[in-house]
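So that you can tell them apart, the chains are marked A, B, C and D in the order they are listed, and the count of residues begins at 1 in each.
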Amino acid sequence: MSEFNPTILAFCCNWCSYAGADLAGVSRLQMPPNVHVIRVMCSAAVKPEYVFKALSQGIDGVLVLGCHIGDCHYMTGNHRTAKRFPLAQKILNDVGIDETRLKLDWVSAAEGEKFQQVITEFVGVIKKLGPNPLREVKF
Amino acid sequence: MSVKHVLTTCPYCGCGCNFYLQVVDNRLVGVVPCKTDEIGQGRLCIKGYNAYAFVQNPDRLTHPMVRDGHQLRKATWDEALDRIVSEIKKIVSKHGPDSVVVFASARCTNEENYLMQKFARAAIGTNNVDHCARLCHASTVAGLVYSFGSGAMTNSIPEFENADCILVTGSNTLETHPLIGARIVKALYSGAKVIVVDPRETPLSRLAQLSLHQKPGTDIAWIHGIANVIISEDLVDKEFVATKTKHFEELKKVVAEYTPEKVEKLTGIPKEKLMEVARVYAKSKKSMIAYAMGITQHSNGTAIVKSLANLSMLTGHIGKESTGVNPLRGQNNVQGACDAGSLPNFYPGYQLVANGDMKAKFEKAWGQTLSDKPGLTITEAIEKAATGEIKAVITFGENMMISDPDITHVEKALSNLEFFAVADIFPTETSKFAHVVLPAACYAEKDGTFTNTDRKVRRVRKAVDGPGEALPDWEIVCELGRRYGAQGFDFNSVSDIMDEFASVAPAYGGISFDRLEKEMLTWPCPSKDHAGTRILHVGGFKIGKGQFAPVSHEPPAEEPSEDYPMILTTGRNLFQYHTGTMTRRTPKLERESPEPYVEIHKADAKPLGVEDGDRVRISSRRGSITLAARVTDRITEGVIFVPFHYAEAAANMLTNPVLDPIAKIPELKVCAARVEKA
Amino acid sequence: MARIGVFICHCGHNIASVVDVEKVTEFAKTLPGVVFASHNMYSCSEEGLGSIRDSIEENKLDRIVVAACTPRTHEPLFRRNCERAGVNKYLFEFVNIREHCSWIHAKEPEDATRKAMNLVAMGVAKAALLEPQTEGESNVVPVALVIGGGISGLAAASALVSQGIETHLVEKEASLGGILRDIEVIGPEMTESKKLIEELKRSIECSPKAHIHLSSRVTGLTGFIGNFEATISSEKCDEKVKVGAIIVATGGREFIPKGEYGYGSLPGVITQLELEKMLAKKEFPEKTVFIQCVGSRQPGRDFCSRMCCNTSIKNAIRIKEAKPDARVSVLHRDIMSYGTLAERVYMEAAEKGVRFMRYSLERIPMIKKKDSGLSVEVYDETLDEVIQLDADNVVLATPMVPIDDVKDVAMLLKVPVDKYGFFLEAHVKLRPVEFATEGVFICGTARWPSQVSECIAQGLAAAAKASVPIREGKVVIEPITAFSDSEKCIACGNCVIACPYEAIEIVEIDSKKQAKVNEAQCKGCGNCVAACHNDAMQQKGFGTRQLGAMIDALIKNALEVSE
Amino acid sequence: MNELGKKLCDIAFDKQKADYLLAMREESGNVAPVFISKGEDIGEANIDYPYQLVTILSRIYPWLNKGKIAIVARRCDEKALNETIKRGLFDGNRIAVIGLACSKEQIKKCRCNDPVPTKVDIGEPNNGVNTDELMNKLQRISPEERMDFWVRQFKKCNKCFACTTNCPVCFCEDCVLEERTFVAEKGIPPGLSFHMIRTFHLADKCIECGECERSCPVDIPLLTLRKMALKDIKDLYNFKPGDRETASPMLTTLEGELLEDDTHVC
C-alpha cells in the first residue's frame, strides 16, 4: 500500500468560499488533490446529515466552508452553520470518530490564499490521522 | 369519542409478541408494545410497530364476489356461500369427497383452523386439509415426532437468554424472528457462545463467535460431522444416551463415515471450525439448537431435522432449561394451525387419522362418520389438481401463487380446477383464479387465539370492525358448515370453539378463554389445574425413549450444471413478510425494502460484468425472473439468494417442487440457477 | 433512465496539460446513465457549443454534464446552449475541473486526473437526478423607492423619474443633499456642489412622477421583488406605498475622532468637514496641517476610505489659492490619488508648495498646544528626522463610516452588511450595486466610501438596474427556490424559523398543516433545507438526494475502487 | 376502581376539570395504557410501568378536536410536553398534568438527575442521581475504544425504529433515517450515520425519558448516548431542553447566539 491518500469532501457556499476556491484556481495556488468540492448556495444549507453519512461511509474528512461571520449573503445563514457544526463535531467525538475529521472555516471570495491554506492544512491533519477507521468496519 | 387500547398478538412471525392496538373511534392509530408481556417485554420489531398500517388499507376486500364467465362481480353473502356449497356438493356427488381440498391457514386463529379442518372432515368427509406449514415446518413435525414424540419447540423463548451456547442454523433469526434474535444477541453479549451455520452471512452470524458457511444442501453432512467429533472425542452424555435413547449404535456406525476431513470436502466447512463447534456445543452446560427453513425446506428436510435432534440427545442437551431443539416457526399461528389439526394425517392434537381409536374418538365427538384415509398435502393437492384428480379447492388466506414452488405449475393447477373459492383480506395473485372470493376479517377485527412458536396460546382481540361486509373466518366456516347441512357449526363465540377444541385435543385440555384472560399458558396443558409446560421432555421422553436417526447425506435434488451453474436459495428479509399481501401495503416496510433483489457474491458478479444495482435475469429449469443485483461478500461464492416476497420477480418461479418423501415439503432452499445481465 | 452526455473540456492547455482528458472521457462512458462522452478543445467556443448541441440531438441526450471551468462564470452560457438544443436548461450540471483541479494540481497530473474522474462521477450522479425546472414569473409594481436623499439617492431618483418611473424618495433630514450640503466644491474637478445638487433636485421636483418624503424614514418593509410594501413614517403620519424595486442610498458619515490628536480638547484640531464649513465661510487658516488616515487603516478599522486624500489635497489647494503664502502640510501614510485627474491635482498641490510628509503608524504625529496655535511634531519616515510644524488648524482626515443605525436598516431590508457595517453587494464583479435579495439595490457611501463622481455613477447604475424589472413588468424567479414535500411535512416550523426572508409560512392545505414557501420571496439559500429534520424541505437544483448521490459517487469511485 | 384510580380521577376530573384522563391500569393480567372520558371507570390503576404516555397521547390527539386531557406525567413526560407544546403539537391549554414522582428504582434505571415533577400528585419525591456510569467510562477511554464500543453496540441494531417510534419528542411521520440518502445501508444493521443523525436531531429536544433505551430490543445503551449529546449542547450553548420558555428549536433559532466575528470556526 502506497502513501495514504485521503478522500475529502468540501461543501463551499456559492458566494464566498466557492468563489475563494475559484480565485485560488485563477491564482494557480497549488494544493493537495484530495478535496472534492460540492457547491451549495449557503453554508447553512449543509445538512449535518451529509457529514454523518460521508464519515460513516468512510470519507476521511469533511470541510464546511462559508462566508465570514457578518458577510453571509443571506444575512444570518452562517450563524446557524456556526451553531450546528460544533455540536456535530462533539457527536462525532461521542461515538469515537476523531472530531478533527470535520472542519468548519470561513473563506471569502477574495481569499484564494486562505482557501489554499485551509485545504493544505486540513489534508495535512487528515493524513496525520490516517484513514477513517470506519472504512474497515463492516456493519 | 372512544379511545381504546386493545391487547392483542402480533400477526407476523411466530414470536407472538403482544401489543396494544390504539383505536380512536374505530380507527387504528398506532401500536404500543405491552411492557408486561413475557415475550416482547415492551419491545417489538419494525413489522410489529407497523402492524396497524395495512388493516384499514382501501384495497381490503369488502364484499363477496362470484365469477360470471371471466368477470368477478359483487355478490351477497348468501349468493356466495350458497354457490360454494352447491358447487362442492355437486363435485362430491360426482367425484367423491376426496376430490375436494380445504387449505386452512397459519394466519388464522386456532379456533378457525379447528373449524376448517372440521368442515373438511366432518362436513365434506375428506382428510384433504392442509396449510402452509407444509412449506415451512412439515419436516419438523415429522422429524421431531420421530425423534422425541413431539414436533414443536422443546423450550421457550425466554430461555435463549440464559443459554451458554446457541447453535443457530438455517435461520436468519435477527431478521425473521427479531425478538428471538434479540434474546440470542442478549445471551451473546453476556458471554454465551453463539454458532451460526448458514450459506449466507446474516446479521446474527456477523455477531456470532463462530460463523460457518456450508454449501447449500449439505446439512446432514456437517451435522453428522459434529456428531462424529462428539463421539470420537468422547463428549457424549453417556448416561443420557443409555437411559433415555435408543439406536445409538446405528447412529454411531453411520456418523463414523463423516470425519471432519470428509465433511470439509462435502460442505466447504473447514474441519478445525467444525471440531470447535462440536466441542463448544457438547461441552457447554446449557446448549440450545435453533433452526428454521434453512433446515426444513429440503427434499431431505425430515432427515436433517432428525440429525439435529441426534445432537441434542448425544449431549443430553434436552429436557432441561435453555437446551433442546427449537424449530422457529415462521408464522403467527403455524404452530396453532398444526395443533388444531389442519394437517391431512392428524386430527387436532396430533392424533393420527390412520389410528382407528382416534377416528372413533372424533366420530363420537363430532357425531359424524369420518374417513380413515390420510388426506393430501398442499403440494400433492396442487400436483393432483394439475392432473385433474382434484376438482375443487377452498382456501383461506393462502397465496399459493407466490408462496409455492414452481408457480407456473401452480397456475396450471389452479386454472384446471372446476371450482376454486378463496377467503382472504386482500385480493391476491391467487384470488384472481377464484370462482368465489370471500372478504375475511383480519387479526385486528376478530377474537381468537394464536399459538406462537414456543407453544404459548395467546389471545387475539377485536379492536376495530372489519371493512364493509368482511367476516371473521370462523363465522364464514360456521356459515358454510350450516349451509352444507353439517352438525356442530352452531358457535356463537370463539370461546365456545376453543372449549370444543380443548375437549378433543389433550395438550389443550386445560386451556380456556377464561384462564387466558388471567395467565399465560403453554401447551401441553392437559387440565384446568395444569399450569402449562414450558420445557418439553423434562425427565425423559413421553414416547419412552428418544430415537437416534441413522440418516445419510444425500445431495440435493438439483445440483449445479453447466447451464445452471449457481445454487439458488430463497428466504425472507426483515421488512417484508411472506407474499407481501400485508407488508407491501405498509408504507414504512415497503420503503425499507421496496423491490426484489438477488444477492450475489462479488467474485461471481465480476465475470458476469454485474455491478451492484444492475438488472439481472435469473433462470432455473422452470422459469426466469428479472431483478436488481446486490453484489456482496456476505454470501457464499456460487450461491445466490432471492427473497420470495415479490410478485414482480417471484422467486418461486424458479424453485424446485421436488418433495421430501416423508413430510412432502418442497426443496425451496436449493435449486440450480443461472444469472445473466439483463 | 436518464440519457446523460458528458463533455470534457481541454480549455486549450489549461485543463488538458494536466488532466488526462481522454482518460476522464473514457471513464465517464462507464458511469451509470452516461450514453455519450467526448472531449473538446474549447467547449465554450461557438464550435464547442455547436458540437454539444449536435451530440444532444444525435444521442437523444436529456442530461448534460460539462466538465470545464467554474459555473460562476460559464454556467449561463452552457445552460442557454442546452436550451437551444431543446433540453431544459436546468438539466445541465457543471463540473469544475479547471479552477478546482488542473490549475491547482498542476504538478500532479495523475492525481489531478483521478480527482477529475471523481468530480465527473459526482456531477454525473447529480445530473441523473436533476429535474427540469421552469422559471417562475411575478408581476412588478412599476414604482421605485429610493432611500436616502444624498448625492447617490438624488442621482438615482433623478434617473428614474427621467425615465418616467414613479419614484418615492425618502430623506430623513428636512432637506435633500446629504453631506454635500456642507461641502462647497468637489475635487478634483472643483465642481460647485450647490449647482450639482440644485440641478438634480430640480429634475426630480419638476417631475410629476416623483414623491419626495422629507423628514421621513422607512420603518417597515414586507414583500419581495416586484411587490414590496414599504411604510414611510414621518412625524405626521405613516404612509404605506407599494413599490417594485428599492434603491438603498443611505450614505455614510464622517468618523468623529473623539480624543484622538487632541480632538475635542485642543482648539484648532478639527475634522475635514469642519474645515469644509470654514472654507465655505472663506476662513482660510495661515498654517494648516492635515493628518491623513486618522481612524482608518489601523487595527479595528483597517480599510482605506479612498476619498480623504483627494479631499485634503483639494482643500490644501483651495487654501493655497486663496492665500498663496499659507503654509500647508499633509502628513500621510500613503497618498491615494487614483486616476489620471486626481494624480495631476496631487502634483499640482506639490507644485503649489503643499508639503507632503510620510509618517508611520508606529510613530504618529504629536500635537501640542502653544501660546498661540498648535505645534505638530512629526517623524518624517523618508527623511528619517523629526520635524516641528506650527499650525493654526490641524485637520484630521477621518474615514467615512456607516451610519449609526445601519444594522436596523439592514434588518428591515433583510440585506447583509460587512464586518465594518457597510452594505454587502451580491458580488463585486458579477452583480455590482445589487443585493443578493432581488429587487433591492445599493449605491453610494452606504456601500463603501466613494468619491462624489463614483456615488453619482453608482446611483445611475442602481437606477438602471432597478428600472429593468420595472420596465419589463415582470421578474423571473430563478428555480433554486425551496419547496416542501407536503406528504412528509409535519408543520414543525423549523423552516419558518430558519428562513432569513420570512418566505415560509405554515398553512393548512386539504386539512393538513404544512409549510409553504412563497417562491417569489425565497432567495434560494437553502437554510430551511438544513433545518428540516425529516427531509421534507428541498431546494430545487440542490436536492438532498442529488447531493447525497454526489457523496455516494465519491465514495464509490474514490474509496471502493482504491480498495 | 382501586384507591389509586379514585385519586387519579379526582385530580383529573374534579381538580383539573379535565374531560379525559390518560393513565395506566391492570387488564388481562397485564398493565395497559388507558384513556377514559369523564365518568368512565378507570379500573385498577397501576403506575409501576413507565409507558411513554406522551407518545401514546400524540397518536390520539390529532383525532380529538376538543376537551382537556389530564395525563399522568413523570418529570420527563412533563418536559416532553413542554417541548411538544412549544412546537405547537399540543395545545398547552388542553393538557393537564398529574405529576408522578418516580420511584428510587426507576430513577436508578434512568440515571435520572431530575426526577421530581413541578407538582407532585402521586408518589414520593426522591433525589436524582447525577452519574451515568457508562457515560463516565466512555468519556475516560480513548476515542478508538469508544468507537469499538459503539460499533459493537450498533451492530446489534435491527432497525425496528422503536427509538424513534416511541420517542415523545420525535414527531416526524416520515423519518430521515428511512432515507437511503442518509442511511445508505440496505437491510440491517444500519451504519453509524443512523445513530449519529438521530443523536444530532435529538440534541436540542431530548428530555431523557429513556424510552428509546427501554424499548430497544437489543439493549443498545441509547440513553447514555442521549445524555452525552445533552452534555455537549450544554457545554456549547448552556442549553438544556425541557422547559416551555426557551427558544425552540435551539439549533435553528439565533437565540443565545453572540457571534460577532470569525472566531467560531471549528
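One rule holds for everything that comes next: a residue touches a chain if its C-beta (ideal position, glycine included) is under 8 Å from a C-beta of that chain, and two chains touch if they have at least 3 such contacts.
Since this is a predicted model, take the numbers as computed values, not measurements.
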Going by the touch criterion at the top, tell me which pair is linked by more C-beta contacts: A-C or B-D. A-C
Please tell me the distance, in whole Å, between the geometric centres of chain A and chain C computed from their C-alpha atoms. 26
Just the number, please: Cα centre separation of chain B and chain D in whole Å. 38
Chain B to chain C, mean C-alpha position gap in Å, rounds to 71
Determine the centre-to-centre distance between chain A and chain B, using the mean Cα coordinates as centres, and give it in whole Å. 52
Junction residues of chain A, two or more chains touched: 48-50, 53, 57, 68-70, 76, 80, 84
Out of chain C, which residues touch more than one other chain, so two or more? 419, 498, 531, 544, 548, 552
Touching two or more other chains, which residues of chain D qualify? 155, 176, 181-182, 184, 189, 252, 261
Can you give me every chain pair that touches, using the contact definition above? A-C, A-D, B-D, C-D
Which residues of chain D touch chain C in the complex? 87-89, 171-176, 179-182, 184, 201, 249, 252-253, 261
Which of the residues in chain C end up touching chain D in this complex? 419, 487-488, 490-494, 497-498, 531, 533-536, 544-545, 548-549, 552
Note: in the complex, chain A contacts chain D through residues 48-50, 52-53, 55-57, 68-70, 76, 79-80, 82-98, 102-106, 133-134, 137, 139
What part of chain A is in contact with chain C in the complex they form? 5, 7, 9, 14-15, 18-19, 21-22, 24-26, 28-34, 36-42, 44-50, 53-54, 57-59, 68-77, 80, 84, 109, 116, 135
Listed in rising order, the residues of chain D that touch chain A in the complex are 138, 143-151, 154-155, 176, 181-185, 189-193, 195-197, 199-200, 203, 225, 228-229, 232-233, 235-237, 251-252, 254, 257, 259-262, 264-266
